[in-house]
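Here the chain labels run A, B, C and D in written order, and each chain numbers its own residues starting at 1.
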Amino acid sequence: MASKMVTSQSRAHVPQFERHGLSDEQLVWMLRNMLLQRTIDNRGFQLNRQGKIPFAAGSEGHEGLQAGAAVAFHKGKDILAGYYRDLGLFLGIGVTAEEALRSQFACASDLSAGRQFPHHFTKKSIGLVSISSVIAAHCTHAVGFAYAIKYRGEEGRAVLCTFGDGATSEGEWHESLNFAAVQHLPIVFLCENNGLAISVPVRKQMAIDNVSERAPAYGMPGETFDGLDPIASYDAVKRALDRARAGDGPSLIEGKVHRYLGHTTDDDDRTYRSRDEVAEMRKRDPVPSFESFLIDHGVLDKARLDEMRKDILREVNEATDRAEAEPLPSSEDLYTNVYAGETQPWR
Amino acid sequence: MASKMVTSQSRAHVPQFERHGLSDEQLVWMLRNMLLQRTIDNRGFQLNRQGKIPFAAGSEGHEGLQAGAAVAFHKGKDILAGYYRDLGLFLGIGVTAEEALRSQFACASDLSAGRQFPHHFTKKSIGLVSISSVIAAHCTHAVGFAYAIKYRGEEGRAVLCTFGDGATSEGEWHESLNFAAVQHLPIVFLCENNGLAISVPVRKQMAIDNVSERAPAYGMPGETFDGLDPIASYDAVKRALDRARAGDGPSLIEGKVHRYLGHTTDDDDRTYRSRDEVAEMRKRDPVPSFESFLIDHGVLDKARLDEMRKDILREVNEATDRAEAEPLPSSEDLYTNVYAGETQPWR
Amino acid sequence: MAVSVSTTVMNNVEAVRTTLYDALKTDPNVILLGEDIGARGNVFLITKGFLEEFGPQRIVDTPLAEGAIVGVAVGMAMEGLRPIAEIQFADFIYPAFNQIVGEAAKTRYRSNGDYTCPMVIRTPYGGGVRGALSHSVSIEALFYHVPGLKIVAPSTPADIKGLLTTAIEDPDPVLFLEHKKTYRLIKGEVPQGRYTIPLGKADVKKPGNGLTVISYGYYIHQALEAAHALEAEGVSVEVIDLRSIRPMDKTTILESVKKTRKVLIVHEDNKFGGIGAEISAMLVEDAFFDLDAPIRRLCGPDVPPMGYAHTLESEYMISSDRMAQAMRELAKF
Amino acid sequence: MAVSVSTTVMNNVEAVRTTLYDALKTDPNVILLGEDIGARGNVFLITKGFLEEFGPQRIVDTPLAEGAIVGVAVGMAMEGLRPIAEIQFADFIYPAFNQIVGEAAKTRYRSNGDYTCPMVIRTPYGGGVRGALSHSVSIEALFYHVPGLKIVAPSTPADIKGLLTTAIEDPDPVLFLEHKKTYRLIKGEVPQGRYTIPLGKADVKKPGNGLTVISYGYYIHQALEAAHALEAEGVSVEVIDLRSIRPMDKTTILESVKKTRKVLIVHEDNKFGGIGAEISAMLVEDAFFDLDAPIRRLCGPDVPPMGYAHTLESEYMISSDRMAQAMRELAKF
């Protein structure tokens, strides 16, 4: 679909398109989510360049997949075991712009109280599992959540577990899929395949073309979709989550996405890929593509889009100012929540 | 093929059979290997019952697969990274009956100097890698050996890495296959699938029917064969090893075998499977089946078989007597080979 | 320990079994997962019959993958269940190291208390059972340095019941170590009914005033044997059973040392960097001027535990005679 | 250390880089494997340009799997290669724990010398770099208890070159720890040409006779700063850089302590069960009557290392001022 988006004939008139039941409001909400993610991403890099924060990581290129997944996710019911590159998904299920900025500034009011890297959120109240920086370590946790849901017979709940292409090489990733398959658990394993693990291209990560080719090895359905296309992403993630919620077991699905920025602000990707390569990918940038798609299909008009952009910028600016003004953790905060109560190694 | 072995019409005359280039001598050698493995296995259990050794593990039911694999293995060239249930394979590539009995008695002259469990051999001189009791831990080592072979451009060498069905659930197993596939290494992953991991049936181990269904997940050829049939086993292992030696990369193959005994002498399998189930399997016992197959096909006559049996019993009896008379390690032996030389934690 | 009217005599296997059974009976959130704990009833028959009574949803025979056994339990715990994960032998806990040290122990801290990880990891450890190089290891020193973890290593059936009950109800992850050698060897009176023993509380298994012996697990029984032997020789030995390794009971240790002024630390685990190192370092910080003699550590040699041949094994293990000898020397000092 | 005619000034990153480069040049059996060590040239640019010069067979960008990185290296080493495995950050070494502790460290012992495991595992560790909870940990205490392993943690470029050269040529597995904070911060003279420094040999970085400070890694530099400050106050401090953690240099430590009679152990790693525990316990065994004051340990607090906010980080880290204060107190004692 992503390719369709940019074809000129689609601009000629207002053609129909397969919207998989998504209302105009939902489509606009998805675009807003994508724009918000990108604006906060850019803010992080900007603040880092300004020397105001030591570190930032961006998700540019993953917006489409995450906006689609966020709509498929049942807020207040489903569990998200995500990873550090899921900002759009996090925002989409209920993390606020201000919480994102607080994490960038490591405020005392940050969801992890300034302990974790930016965007490594924890928010039990919305079903967001505490993010681990350790690749694939959260996949086993996701399976545990899914086990609890099935054990309690909770109808219509499922776990969404996301990870990158690199994560699929970890032993714990394998153990997680196998365990979920044997127990027939309500979980969706969603790979955000951007073709890179920091600098390592996916052909050095695995000898196959698609992560979803591993699904049969666990006896699961597998599917690869265009992660640049929010609608295709919604459709694929929704079908998999519906299977899980209906008790039809786990799935391994994969969205092909791009990573336009360096791995993090600590990474200079010019050492391992050419600017042309990135420029070539940028031509399919999901954000402008989806903007014009919605306009071409009469879901949104230019004026409303500009309004939305302004609104988002205002929101992010205010969040930045407020977060920057927030106090940092106190030195005493280092010592809390190691254990319940005041347990010391010697007592 | 195994099924063919026991059909009555095959007894009617002396039919041809697909021998995959195996000479009569080789076929007889395979039977001898199977009988020797079983005799030594039984000896271990016997000695344990007599209270002469504290522990034994048997491979009854794996003889056919291992005899076939042993012939496919190029002695003096290939590397075997095996596991504790590979006695027949170990004997087949050059471990002696006496070495096996020394390991059972934990003699100072045991290949591990009485440090390891019985049959956990190490014999670099024949390409046998030191056995680890830790399931799947040796798979990564096997990949390292294969890497070295490819790195040095050693023609016509390959690594044979064996493991059970339970091992396939370990993260390191996944990491090993993936690494070997990405590097296109000369290695064969051979699963001896006896349907049990101690007491855990394979359906609780994975949600698929055959381990070989995982081969495509790594971009490898995969195949399941009848591991009760020595000739079919030889054929499958040989083709995979030939691929590896020819530089055509790794394979994941699987022989379906039986486990007739408890997991070890410490395990009472009546707690998790019925005697009928075992009796039913025994009907296809590879050892008597292959005996009658060779006789039916005129490769061997009863007299020579009896001779062979006597000869093997003599060999194992002498090995037992000699091993039993061997000295145990001295208390000083506890402290050697922690490091090269005499390194102590404090110096 | 809460004293209850009547007691039953049982061994350590039965103590673990009865405690797990009571937990399964009383709390539907309790789930057991591990290898061969279902139909097989665990390789030491600790969970025998549990599958039939509590069903496969609560007695989970897992695939052969320790990382998943612990990691899935972490997820269950975060979602409010009370998983009890079993590692079949302590030697095989290494593949789960990432989940125990990196995840379970950090869940509360990382999320600033938003998520917690109330779970128990049970595993049989220790040697002297002809377990050779991969069924004999002591693992406590590989974990006791880790903030966020608790570690328990009881020696008697009564302590096992009280401490395992507490561990299962504890709001944080607990590594529960069961010495294989004591499983059937050690029998004792166990109070009936529910009772708990607080984590981090040592137990003076034998009072004395001539010197203090600090140990845990199987060696407590060897040390007691030796201590009683020394009574005959007129040496009064106090034997402290640590029971908990993290948190560790400073108060009980200091009280004893201020009284006896001499300390022998005994453990089966390798000496260098073992538990004894921290105990000794703590005593030097907090009781330096109360000591009349150097703190002595009698520990496993610094070699991989443990050769299969009984000659190697008995060279590795410390007999009560060797313990008695060390006590004599220290007493004379 | 063999002294060579001329020297070059470089930082710790360059010292690691030049040593790896020389090893690749001189021994075709040397192979590097790890994540992002190829085109990226390692996340700290340590291996930049190596891929182009030595090719993908020797500079192996592996899949994202630490268990395989170490496990495959173990196999390579058993087959006679000299693998140098990199774990991108020490925090991510846990998935390889089974291969390091269970396999690499046991290869020689298990096979009674039939197979050996000559390999190096390099990894950047330590905090003070805003690395938050998963890019700050110190791991030495999780490994120093393990027979069969060697552990090195140098602090200066010259020591790095000499010790890494030795480690690569060592017949047994060596865990080589590089403190991230020192990578670019610490510069120093490095002798040109090949030289080695024996493992297990500490270095007196500053002689003194008033008290002995024992440390390693980044804190050596903080301790030296504090020690020099105390000279002005008339306190003579001897600073010992352990350099090797296993084996550890008893001789140098005992000589110093017999001279100064007072000991301060400083490390960034958590205190409970840290390296300092074993050093203190050893001193009590072998120098009890040479001590004029309790051995003091100034260590990281017992919390997971290390909060992201700089307020949390600086609370965790020990400044040279705090070290100086501890030295003053001990000197007064």
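Everything below uses one rule, namely that a contact is a pair of C-beta atoms (placed from the backbone, for glycine too) under 8 Å apart; a residue touches a chain by one contact, two chains touch by 3 or more.
Predicted model, so just to flag it, every value in this text is computed and none were measured.
Each of B-C and A-C has its own count of C-beta contacts, and the greater count is at A-C.
Taking the mean of C-alpha positions as each chain's centre, the chain lying farthest from the centre of chain D is B. Centre-to-centre spacing of chain C and chain D amounts to 31 Å, using the average Cα coordinate of each chain. Remark: chain B and chain C have CA centroids separated by 37 Å (rounded to whole angstrom).
Separating the centre of chain B from that of chain D, both taken as means of CA atoms, is a distance of 42 Å. Multi-chain contact residues of chain A (touching two or more other chains): 112, 115-116, 132, 134, 169-172, 175, 178, 182, 204-206, 338, 344-346.
Within chain C, residues 62-63, 65, 67-68, 91, 94-95, 98, 102, 109-110, 133-134, 147-148, 246, 272-273, 302-304 each touch two or more of the remaining chains.
The residues of chain D lying in touch with chain A in their complex are 35-36, 38-41, 43, 48, 61-65, 67-68, 91-92, 94-95, 130, 132-135, 271-273, 301-304, 307-312, 314-316.
Contacts from chain C toward chain A in the complex involve residues 31, 57, 60, 62-63, 65, 67-68, 70-81, 83, 95, 98-99, 102-103, 107-116, 147-148, 150, 171-172, 200, 246-251, 282.
Remark: chain A residues 54-55, 106-108, 112, 114-117, 120, 132-136, 166-167, 169-172, 197-200, 204-206, 266-267, 271-272, 328-331, 333-335, 338, 344-346 touch chain D in the complex. Partner chain D is touched in their complex by these residues of chain C: 67, 91, 94-95, 97-98, 101-102, 105-106, 109-110, 133-134, 141-142, 144-148, 246, 269-270, 272-278, 280-281, 283-285, 288, 291, 293-297, 302-304.
The part of chain A that touches chain C in the complex is made up of residues 79, 81, 111-113, 115-116, 122-124, 129-130, 132, 134, 137, 139-149, 151, 171-172, 175-176, 178-179, 182-183, 336-340, 343-347.
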